[in-house]
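Two complexes follow with chain A in common, the first pairing it with chain B and the second with chain C.
On to the complex of A and B.
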């Protein structure tokens, strides 16, 4: 008698179909297996955009549904990237080192190999010792688990401290900004163990894989699309039932939820940690496509951009978050990549590289003032009109 | 008579101002009680203490047959143990339907994991229908709570409290801003609820208290000034001086 979850939520089905269609079309037009109409570098941009859409879904869960304006979720995104980056860099360097050492007459010892890898990776920060945190870097399985565990644990501890003290509203936003800033500053140090401001690089090369980047970029596009689909489905399921009711209740009236007997803090912690894990997975898929990660990626401003995407796309609507992230980040790439033609005004020439941020800021203000439901709100309006026509009202 | 809630010797002060001063009183397990008093008499602070929002400086608040102290419990734990609270301003989840509001309030496991997997059973939906009928919102179930009138929101909130199946219901000025017919309906709901549980109504409005037809406690400057039937307390000279005389 209960209909399936998908049947009760047609928008989820529509989204998943569109995502599948998008992936298929891009694949057919790609250089790797298709006609070559879309360049490999643009495939990577699209794949990265899908990852940004995934973290936007997480942001919408925590902000749009639970009302917690976290301005630190890019810290989790970045940490996820670092965790997978450690394995990618270690393993690739190891293969190179083993290869070059095999030319020598005496076979190298285990210690010599490790030493050579250490020199290769940490030479730029004047060290050759492996820091403790690289202990699992030789195991893909363990490092994949750390992608979720490290950011998840950070979110759990940070969230527990913050929510237990009943820090809410703008104070919590400031606290999350402080968290991401502190993490970025720490990682900037050369002795943080993650190569300071050099970050981890060469991540686009999968160790032991001889396939061309044309193909690898497609694999990552597919993986990103799959992750976005799964994340979207999970998020839609989480908010569809009573849990969704409770967190929306926390957003609209925290005291009422508390006096109904729900432990508000536990719910906040659960949703904070869950979204941190989703953000981390998105980051772990993003940085192999970007090829490099450094501490500048988790600067406080990154998390603020994330909030802007979700606000423009429409809070409290999962598809709104996806639209906002895709639309704004692609537009941003276009404007700041120097592709947008300059706008001559006679007395002054508008260079979009400089003026894009102003445009973004203005559109954020405009959306906040005139369309608080964002682009997603427009879609709702169209959907309502259509259903009214159908019922003949 | 066995006592459900015993408040004894409770005092609390904010920045030197004694909001509650050595307050003691008891409520039985199936009793309707009205608390009246002028502004600043400590009525809302009393509710804050019982529901765990405010910690008193001294005194005891003892609850139920097992005589547990409410002072060491969190708001959520107190609510789960059977204390329901209605705010002065109607507080419902405006963005959700009446049915969703009632479903969230239903007495069910409150942990987030249990809630994540919860889907309403036929029985639960039946219970919601029965509650909606009790508060007179049967034909509003699928409407958003934000679209309801002021009075309907107040009833919905009372319905949500009843859904929790509390043993003690604390109601803060339920009749404020209601029309005469709405007041009558509210009185009916509260009197009906008090047949199976304790209901404490904090109220300003004498006419409404008279309709409730129950024992009245008069608070003044954070302690009990008089207690008894409405006619009894309104005849009390102290009460006339501090409250009615002005």
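On to the complex of A and C.
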């Protein structure tokens, strides 16, 4: 069965080998173990890009295959980041606190340690009490489970409410956007229990790990590459079977699938929750590399960018999402990072830091109008030519 | 005989002069003796001891008193060192000063600075003098000075102001000032009236008044202090508190400790410090230091130390409970007169009820104005999204363009009224053109792909936003409202609404009428409705669907531009102005029901009132209000997926 699945999808094998090759090359060229041609900060950028590719795969699954344009998947991404960030911050603060308290004459009690951690973490929002939601922050295992459970549960409840009342199309998009906005606004409050707009910080330091950032960044790159590979495989497997056929059917004609006796709502809910979990895992890998997470990351615009990546890459073809996310986000980093050379027009000098978003917005309009298949369409064209040549011979 | 006449005349003259002299002294006795009586205190010039001297001068009833106090406060009073007499000093030249007598107003002579001492009252003394001067100002011929005096009394009322205030009422000529004085007299009587009956009658006179000043007067009358005692004293008790109910047990015990009625509890920090101070050879009272990370071991070590008398004994929970049950806790009114506090409490309760009703009214007005803002922001969308079904994510940017158009117009037309009148049609023209261009170039090709319209218009949205940032910069630009829109319509101290908000409400009403007129009474409206219901059939009937769609979209965009001018008047004009409203606008349309202007109206009203209502319940947190409102809307959609006013039948489309 496994063999036939891979055999039916040669693109999966190609993708996985390309990913492995990419990881190997980057490792060889890295500062941590290799020749040092690629700087650690760029390794981090690459690792983060892999995470963005993973959430783009999730987005393609929900939009490209199931036809649900969710503008809320970055909320799940951010929640995943928050969940792992809680443990990272708690554990690191605990180590610091225990270290500083061990200097005192009397050994600290557990309550004193927890109090000191609370003061350290919540001092910025004028509190020292641990909110209830930090109850499991001291356990990595539980917090890792929460990475999937919390966004998954939110997706399940929200999806159930939305699909049950048959909210579809653009209405659903607006509703998911509203959910994202609500979550972001909630997290912006100081008494949300997650440090308000300060967010969680210092996440790049793994507690108890003494290895240098050169090495740690590589570990995360490998983990992100592995997660992307696994997520891609899972997505490809999901859409290749009967389940995939049904959700594609829903995309193309929801009413007809319902009349055939399928429970459309259940399928939609399943795919919505699954993609939310994938997004959350991507977020949990992304934010330790970024080092800081705050509510601004969850703002509705982030989720729209996600849709932009997938559309530019080409929908309904998994690898398109990966290409789109990697292409646009790396290009974005390049343009907004000030590395792109200014473009002198004689009467006016185009500074890309200022004009990149204009270019992105307009190119997005152009893609929607003239190349609805995105970059993926280009690959189709090449593949068609190749097969024509073969048949021609 | 002649001698006798002379003698009589002389005697008469003497008599007359004597009489006239005595009459003069009766009218204007000298103030200098009074000053001399307090000579030492005045010369010492200390805030602590000066009180009686100022009171004596102010209370002397002498006409010179005001002059003395003013001169004193202005640091122009000088003392002659040789005899300690006070004069008005005036610098002539160099170190020479000319002294003037307070009583006669006559120049006494010029003196060297070395022979004199200038009195320099510090700011504390000057404040006391200022208070004392108030009573003179209350009868000042200048009405402005009288109004100032009233204000200064109202700001910082004191008991001694009551008599001069009452005295000045009868002679007050200005009716407005007289009303103010009467009101202030009642308020002062409530706080400082001589008898309880007088105070209670003042409270009853003012009952039901909504003024902030009355509440500010009643509240100090009802000020309480929290006390603890073994038995309830016979004082004016506001209420008895039971630990754990009206007062937390910790607070109650802290009160006992503060009043030395119970020993302080040993906090964990205290215990830690005490233990650290008694480490002896790696152990604290037989407990190894390493084991002290356990609270139980800490308690044991501390108990051993306490038993040796080295540290104060631990206060156990049982001790706390015993102390708490042995005492009563109560709030005592600072004002000892029970009938007065009772009347004040009743009056305040009545007022609060009335204030509550008025606050609800005020909240209603606030909500109405917020609703009209949402309605303004959403009405353009009600056309493009509601009627045509086009998701225009750049709608917010059209609002922004309108606001910036207003800003640019104000750069060229400095008169605010004229510039706003010019800006409204200009904003309409600019956004109408932008809307038509967008429809022609982009949306026309995407009518069959609504989700992609969303993304394409979003691309336009970020491009426009960044363009605005590049042109106008990131800082907020001012769009100033004309002067006649400044200020607010104040109904009473609780209910008020600014004129800008009223103007926006009126504008929203006008838009509603315009929309209804266009849709129901014009050719374009008829065509639009025909095209949206069945484009093919409409085309058969000779309507050009492309043209109609273009004009309708332009109309919706143009209205967004006008809304932008209105919103820019009270919000900051930035490139993010539009994106602040876009999600709310869409929700307004969706909640109200697509394709129906009344639905948009209902949606805006619901969202506006809901948001204000939630804010009222949790006033410190507007973010939370927005969060809960969105959650409410998500749940609301569950029950009415097609909005408040849903289209039925064929018009509903899919």
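Of note:
Convention: the second predicted complex is superposed on the first by the 389 of 393 C-alpha atoms of A that agree within 3 Å, B and C clash if a C-alpha of one lies under 4 Å from a C-alpha of the other, contacts with A are read in each partner's own complex, and residues count from 1 in each chain.
Following the convention adopted for this analysis, a residue touches a chain if its C-beta (ideal position, glycine included) is under 8 Å from a C-beta of that chain, and two chains touch if they have at least 3 such contacts.
Quick caveat, the model's predicted, so the values are computed rather than measured.
When the two complexes are overlaid on their common chain A, residue A:189 makes contact with chain C while staying clear of chain B. When both complexes are overlaid on chain A, the residue A:354 reaches chain C alone and has no touch with chain B. Of the two partners chain B and chain C, it is C that touches the larger number of chain A residues. Touch criterion not met for A:99: it reaches neither chain B nor chain C.
Contacts of A:243 after superposition on the shared chain: chain B is touched, whereas chain C is not.
Of the two partner chains placed around the shared chain by superposition, chain B is the only one that A:267 touches, whereas chain C remains out of contact. Chain A residues in contact with chain B (one complex) as well as with chain C (other complex) do not exist.
Those residues of chain C that touch chain A in the shared complex are 268, 272, 275-276, 279, 289-290, 292-295, 298, 391, 442, 445-446, 449-452, 454-456, 458-467, 469-470, 579, 583, 586-587, 590, 621, 623-624, 626-627, 630-631, 633-635, 637-639, 641. Residue ranges on chain A touching chain C, taken from their complex, read 69, 104-112, 158, 161-162, 164-167, 169-171, 173-175, 177-179, 181-183, 185-186, 188-189, 191, 300-301, 304, 307-308, 311, 354-358, 360-365, 368-369, 372. Across the complex, chain A meets chain B through its residues 1-2, 238, 241-243, 245-246, 248-249, 252-253, 255-256, 258-264, 266-267, 270. Interface residues of chain B facing chain A in the complex, by the touch rule stated above, are 51, 74-77, 79-80, 84-85, 87, 91-96, 100, 103-105, 110-112, 115-116, 118-120, 122, 160, 164.
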